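Labels run A, B, C and D following the written order; every chain starts at residue 1.
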Amino acid sequence: MPTNKSISRDRSDYPFWTPVSIRFSDQDPMEHVNNVAITAFLESGRVGLFGHIFSGTRLPSRGIVLARLTVDYLNEITFPGSVEVGGRLAAAGDRSMTTHYAVFQGEKCCVVSESVNVFFDPVTRRSTAPSAEIRAVLERALSGPSR
Amino acid sequence: MPTNKSISRDRSDYPFWTPVSIRFSDQDPMEHVNNVAITAFLESGRVGLFGHIFSGTRLPSRGIVLARLTVDYLNEITFPGSVEVGGRLAAAGDRSMTTHYAVFQGEKCCVVSESVNVFFDPVTRRSTAPSAEIRAVLERALSGPSR
Amino acid sequence: MPTNKSISRDRSDYPFWTPVSIRFSDQDPMEHVNNVAITAFLESGRVGLFGHIFSGTRLPSRGIVLARLTVDYLNEITFPGSVEVGGRLAAAGDRSMTTHYAVFQGEKCCVVSESVNVFFDPVTRRSTAPSAEIRAVLERALSGPSR
Amino acid sequence: MPTNKSISRDRSDYPFWTPVSIRFSDQDPMEHVNNVAITAFLESGRVGLFGHIFSGTRLPSRGIVLARLTVDYLNEITFPGSVEVGGRLAAAGDRSMTTHYAVFQGEKCCVVSESVNVFFDPVTRRSTAPSAEIRAVLERALSGPSR
């Protein structure tokens, strides 16, 4: 399957968006949003993107686990207001998938991030190859215009 | 100043509303939103309400501190989606103010809450009586139709 | 069953203690621990206390739900370091139990809190009267020297 | 200055350790500690390590900002209990430093992580080269036995 490892800061590269409101308690003594809260924003975007990609499939509940997360902090995010988390499928491997995210506050790209998630068998609790149905969904998402 | 201690579950009693998006990580093993996250929702509503009430006044930054919080959990809140936090000024004392909140997910009132906040002098770090300007704002908010 | 509604600030009234380390991200722009983090400290104390009280019983997993939480903020908690959360059973009702907590940072009592928890049937998802075994445990805890 | 990019899973490679207690609310519906909480553990380790390395220096408060975070999730972390976060200085650049972390629950290495932090001028709010004093501290930490 195709691979694209660069994390874009361009809104138009992200087909799926999740809005997240910023909470007062997301802030730390630096008077900006703490990096821990940003990983919660990214998780909201990730869960939203996965719901979008796998909607209508028989992907088992808890059938994907997070294996690796990379976060680049480009600009501060400040309370109050909200952010938008753009997400896209970037690559698919034999047992894993790579997704990219960009967090915008207004027109400013504040964070880009990459997640590697592993397909997981909730019964054996081990990584597994995804079903043919899931692989087809991934290939379609990677080749489509709305990637 | 007038006092109203009952915490209403009626949307029409709350003049100010703050939307808060629910995050995946707000959930706990009970598969509902954890009570800790709910206090973050309430704080978002509180900060929003205070911004609304004190907009345009010379209330010092960090001039109000939380002294007491009561939370009644009526119904579960579930991911995904968002909640709306209604807020209202319920009473004002010599050095404190009492505010009420109701958290709705859709049409369901899930949580009601009362906060007691104390006016605080950031220099002496002690409670203080609010200025005449602030007292006037509170009296107007308590008597007005949009209370 | 007996009832004790006053929330003690005296260490010797709390038979069970849970240490909680403070995290950098618990802080907010006021440069103290945010009230939301404090409810996480209290929950740690509550889960620890319940484990202590109900150890060895057949209380069903998820057989208790939080109905009401009251928190009094007495003194600031500051990073770094840790707190200790003291817990005690304060009262037991037909379908509920009331527990009290005091959060100390060093020798300073910073927070006291009361929780009302309801016995819950995970199958019907409704409140329920606890079993005779659980009632006996509660009565023993309320009357014993280690209350 | 020397560079070491591999993130060790060996306890003996980490000279500085920060214990962090796990909270009930760190868990998510997968009944393990959520990845967002793990970034809070890592931040505790990072702040602890920086305090250790820069103790006694004139590093300005808020003189370091997080630019990049990478987290590898190797094994689940489960409530209750605590983790230990080992930290070490891995490399130092002209305006940045790279640190490594390993999170252990008991004898199991559950997470390894790398942070890139940038030296920051709180006045200009831009990256800056660290002072000669700070550079000397970094070189000593990178060459010493307790690295």
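Criterion: a residue touches a chain if its C-beta (ideal position, glycine included) is under 8 Å from a C-beta of that chain, and two chains touch if they have at least 3 such contacts.
No experiment lies behind these values; they were computed from the predicted model shown.
Counted by C-beta pairs in contact, the busier of B-D and A-D is A-D. Farthest chain from subunit A, judged by C-alpha centroids: C. Averaged Cα coordinates give subunit A a centre that lies 32 Å from the centre of subunit B. Centre-to-centre separation between subunit A and subunit D, using Cα means, comes to 24 Å. Each chain gets a centre from the mean of its Cα atoms; for subunit B and subunit D, those two points are 37 Å apart. Residue positions 24-25, 34-36, 40, 43 of subunit A are each in touch with at least two other chains. On the subunit C side of its complex with subunit B, the touching residues are 30, 34-36, 39-40, 43, 62, 65-73.
Considering their complex, residues 24-25, 27-29, 31, 34-37 of subunit B touch subunit D. Only residues 19-21, 23-25, 40-41, 43-44, 47-48, 51, 80, 82 of subunit D touch subunit C when the two sit together in their complex.
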